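First chain A sits with chain B, and in the next complex the same chain sits with chain C.
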Partner chain A sequence: MQYKSQAVAKLYFIAAIGLFVGQILFGVILGLQYVIGDFLFPEIPFNVARMVHTNLLIVWLLFGFMGAAYYLVPEEAERELVSPGLAVLMFWVFLIAGALTILGYLLVPYSGLAQMTGNDLLPTMGREFLEQPTITKIGIVVVALAFLYNIGMTILSGRKTVVNLVLLIGLVGLAVFFLFSFYNPDNLVKDKYYWWWVVHLWVEGVWELILGSILAFVLIKTTGVDREVIEKWLYVIIAMTLITGIIGTGHHYYWIGTPDYWQWWGSVFSAMEPIPFFMMTVFAFNMVNRRRRNHPNKAAVLWALGTAVMAFLGAGVWGFLHTLAPVNYYTHGTQITAAHGHMAFYGAYVMIVLTMISYAMPMLRGRKAASSNRSQVLEMWSFWLMTVSMVFITLFLTGAGILQTYLQRYSDTPLPFMVVQEKIELFYWMREVAGVVFLIGLLVYIASFFVGTKEPEVVLEQTDA
Partner chain B sequence: MSDKLVAAQVRHYPPGDLAVWILIMAELLVFALFFAAYGFTRMGHVALFNQYQATLDRTAAVANTLALITASYFVVRAVAAIREGNSRHSARWLWAGVGMGVLFLFIKGGEYAEHLSHGINLSTNTFYMFYLSLTFFHFMHVIVGVIVLVILAVKVGQGRYSAAEHADVESGASYWHMVDLVWLILFPLVYVMH
Partner chain C sequence: MSQAFTKAMARNIFYGGSVFFFLLFLALTFDSEATFPERDNRQNITESVAMGKRLWEENNCIGCHTLLGEGAYFAPELGNAYKRLGGREGIMAFIMSRPKDGVPGRRSMPQFNFTQEELEALADFLKYVSEINTADWPPNIQG
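The block that comes next holds the complex of A and B.
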């Protein structure tokens, strides 16, 4: 760790991992509720469990991005953070607001929560992923502004690198598009239309810039390949991301009451969205193959390569599966969507945050570059457990989705929704088993921070001088 | 002089930055998909497409084709000039290219104004949806291309490139030729073939 203020990242990373555990616990509960409908009812109804599962995901990823930014920006800008104190203060504000919100979901009926938090004054609640009470949303904006001030001023007053600037554009975009969560028109078409400006333009737009810049940073550090080479790749990748991703929003506009041309625009542009992800895979492997040194943190390199592959599969391939309008006509909102959502979020965003944590945590804990061998071996076990079980979750949900699409929408004698849900129960059971394996993988991941802490760290010699 | 010739002959292929070529390929792929979609959709609505294609201003489109081809010629001359280390000529050719690009934007803008005055928009019918989408995406690319040429013209004019180092000029020129190439497919496909 070159700068003292990078240490604030540790808080963010620990909170991220903690909330990740919460997210997966609720995921396992949720998976069981698919087959045992009244499991934990009425304490934790399905809709609440789902809300907690998705909201925790978003919140912990935001913690992860912020932690990554606080670690990466000082090193790139070659100066301390403008205000480490502000970063710590905002951490607690965000954590407490997040915890209160989740407790609100769990302890108060949702309509009661809306009433308690004065949703009538500025109604923003009740929409998927944006369920947070208005006051929480305002809190998120405040935290984001303070964060951007801290990061932005550090970047602008320090060395300006492509990695930092791309990250900053991504983070500013994240904050700007979140503002659309406050726009809640009565017209349902317009509501959905702008809702996607938060949801889609985050995950298929500005978040990809954050992903690209973090990946580039870790690859610069671990491979020793020239910065110029890595930056050029980053430029091309983000250009393709924006070319395809922005108009690609149209793949959500097929059936919500928007004009027909969105079926063409959405299909053509979003069909290209796998390209930047594919480039990222080629980029990551290329850089690692051209490495000038063997970095002692092998786990971090594994996570980086894993991110590139899984993001391409989850976001690219599984997204493409149902992105064309004629296909989506049948698959819209089925388990195909759930399959894509799981692997894309895991492959792109969970894994990039874990990549950054894997790279930074040894330094944040006082080591020179890497953890002990035992710790890394365990961490790599957790990589495989989580990644392989996520592949299976995705495959089982895809199986469920194909069957669901056929039975419910495509066959000559379509069956009702609930009848079909019973027929695809086997897939849900298998997904649940895979989900439990994922949870075990996550526990192994956490254990990896506590084993071999007294042992010496891995040291590798240079491949060439 | 012979040194320069040697330098020219051992030049990398493709000219310019490889990154630009990746971008060009990706852009061509997007347009190719759109052209294919146009073709397939037209098969189902031949009469409609023929009827509304007749309402387009082919004279303007021919003028625009000439404008873009001429711009490309100027850009070629600009690259040739900078390969000889002649910044002054190169900048002049680039500005000429910019002029042709702007001419294209004016003519095309006039066509759009005409359509708008008749109340035509993306939802008028399938033909206009494709015509407006395709030409507008291309229009946006011409704007980007012109901006690229302006930046290059200014930098070349300031003498920032030489016979040995001018990869940016080649990159920008390659991008411009892509913009030109797309139009050379778009024009016959949308305006002429029926």
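The block that comes next holds the complex of A and C.
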């Protein structure tokens, strides 16, 4: 660690991992409710558990992005953070606001929460992923502004690298598009149209800039490849991301009351969205193959390569699977969507945050570059447990989705939704088993922070040319 | 990547491409807004429909159901529930009849204890949604 203020990242990373555990516990509850319909009913109905699961996901990823920014921005800018105190303060504001919101979901009926928080004054609640009370949303904006001020001023007054600039553009975009969550007209078509400006333009737009810049940073550090080369790749990747991804929003405008021409615009542009993900995979493997040294943190390199591969599979391949309008006509809003949502979120955003934590945590805990061998071996076990079980979750949901699509939408005698769900129960049981393995992988991951802490670091001979 | 292709060129493609396609997206958005009135059934957004949408949101129906294919995949699609359940009466009767403690072993929907006015608002909302022009989606009545 070269700058003292980078230390604030540690708080953010610890909170991220803690909330990740909560997210997965609720995932396993949801999975059980899929097969034992009245499990925990009426105490924790499915919709409540789902809100907790998805909102914890978003919040912990945001903690992860902020931690990553606080760690890498000073190092890239070659100066301390403008205000480490503000970063700590905002950490607590965000954590407490987040915790209160989750407790609100669990302890108060949702309509009561809407009443208590004055949803009638500015109704924004009750839409997927944007369930937070309006006051929480305002809190998120305040935290984001303080964060952007801190990061932005540090970047602009320090050395300006491409990694820092791309990260900053991504983070500003994240904040700007979130503002559309405050627009909620009575007209459902318009509501849905701009809802996607938050959801799609996040995950298939500005978040990919954040992903790209973190990946580039970790690759510069672990491979020693010339920065010029890595930065050129980064520009090309994010150029392709926005060129395809902005108009690609159209793949959500097929069946919600929007003009028919979106079936063409959406299909053509979103069909090209896998390109930047594919380039990211080529990029990561290329850089590691051309490495000028062997970094002692092997786990971090494994996470970086894993991110590139899994993001391509989850977003690129599973996205392409259902993105063409004639296919989407049948798969829209089925388990196929859930399969894709899981692998894409895990492969791209969960894994990039874990990559950054893996790279930075040893230094944040006072080591020179890497954890002990024992700790790294355990961490790599957790990598495989989580990643392989996520592959299986995706495959089982895809199986369920294909059958659902056929039985409910495609066959000559379409069956009712609830009848079909019972017929494909076996797939949901298998998903649940894979989910439990995922949870075990996560516990192994946490254990890796506590083993071999007294043992020496891994040291490798330099192969510097 | 080849040497002839410089970092400055890559940067220019990024800025130029992003701005161009964002502007194109805005243009398509303006055009879409202009065609919405023909498709989005806005003439039928009454006070009751607006109230129904608020109730839909404040009870988080989207946390179990899809609406026009978006939402959760735990319970039936409701964009065409008006047609599947045979009109407003069918919808109101279904929502009203949910047992407080759920149906043993079966995926259950909460009993929300709506007033008659609220039930009618929800039914009006789902009727309005069912008349949006969705390019013939869903493929059949099962949603």
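Please note the rule applied: the second predicted complex is superposed on the first by the 464 of 465 C-alpha atoms of A that agree within 3 Å, B and C clash if a C-alpha of one lies under 4 Å from a C-alpha of the other, contacts with A are read in each partner's own complex, and residues count from 1 in each chain.
In this text, a contact is a pair of C-beta atoms (placed from the backbone, for glycine too) under 8 Å apart; a residue touches a chain by one contact, two chains touch by 3 or more.
Small disclaimer: the values here were computed from a predicted structure and weren't measured.
J.: Which partner does A:243 reach: the first (chain B), the second (chain C), both, or neither?
T.: both
J.: Could you look at A:180 and tell me whether it touches chain B, chain C, both or neither (first, second, both, neither)?
T.: After superposing on A, A:180 lies clear of both chain B and chain C.
J.: Who does A:235 touch here: chain B (first), chain C (second), both, or neither?
T.: Both partners.
J.: First (chain B), second (chain C), both or neither: which does A:188 touch?
T.: In the superposed model, A:188 contacts chain C only, not chain B.
J.: Between chain B and chain C, whom does A:279 touch in the aligned arrangement: first, second, both, or neither?
T.: The answer is first: A:279 touches chain B but not chain C.
J.: Which chain makes contact with more of the residues of chain A, chain B or else chain C?
T.: Touching more residues of chain A than the other partner does is C.
J.: In the overlaid three-chain picture, which partner chain does A:268 touch, first (chain B) or second (chain C), both, or neither?
T.: A:268 contacts chain B only, not chain C.
J.: Show which residues of chain A both chain B and chain C reach, each in its own complex.
T.: In chain A, positions 232-233, 235-236, 239, 243, 259-260, 265 sit in both the chain B and chain C interfaces.
J.: Provide the residue numbers of chain C that touch chain A in the complex, in ascending order.
T.: Spelled out, the residues of chain C in touch with chain A are 1, 5-7, 10-11, 13-14, 17-18, 21-22, 24-25, 28-29, 31-32, 35-36, 39-42, 45, 49-50, 53-54, 56-64, 66-77, 100-108, 110, 112, 128-129, 132-135, 137-143.
J.: Over in the complex, which chain B residues touch chain A? Could you list them?
T.: Touch list, chain B to chain A: 17, 19, 22-23, 26-27, 29-30, 33-34, 37, 122-123, 129-130, 133.
J.: Where on chain A is chain C touching in the complex?
T.: 33-34, 36-38, 41-42, 45-48, 50-51, 110-111, 114-115, 119-120, 123, 125-128, 131, 162, 184, 186-190, 192-193, 228-229, 231-233, 235-236, 238-239, 242-243, 246-247, 249-250, 252-260, 262-263, 265, 329-330, 332-335, 337-338, 408-410, 414-418, 421
J.: Can you list the residues on chain A that touch chain B in the complex?
T.: Going through chain A, the ones touching chain B are 232-233, 235-236, 239-240, 243-244, 259-261, 264-265, 267-269, 271-272, 275, 279.
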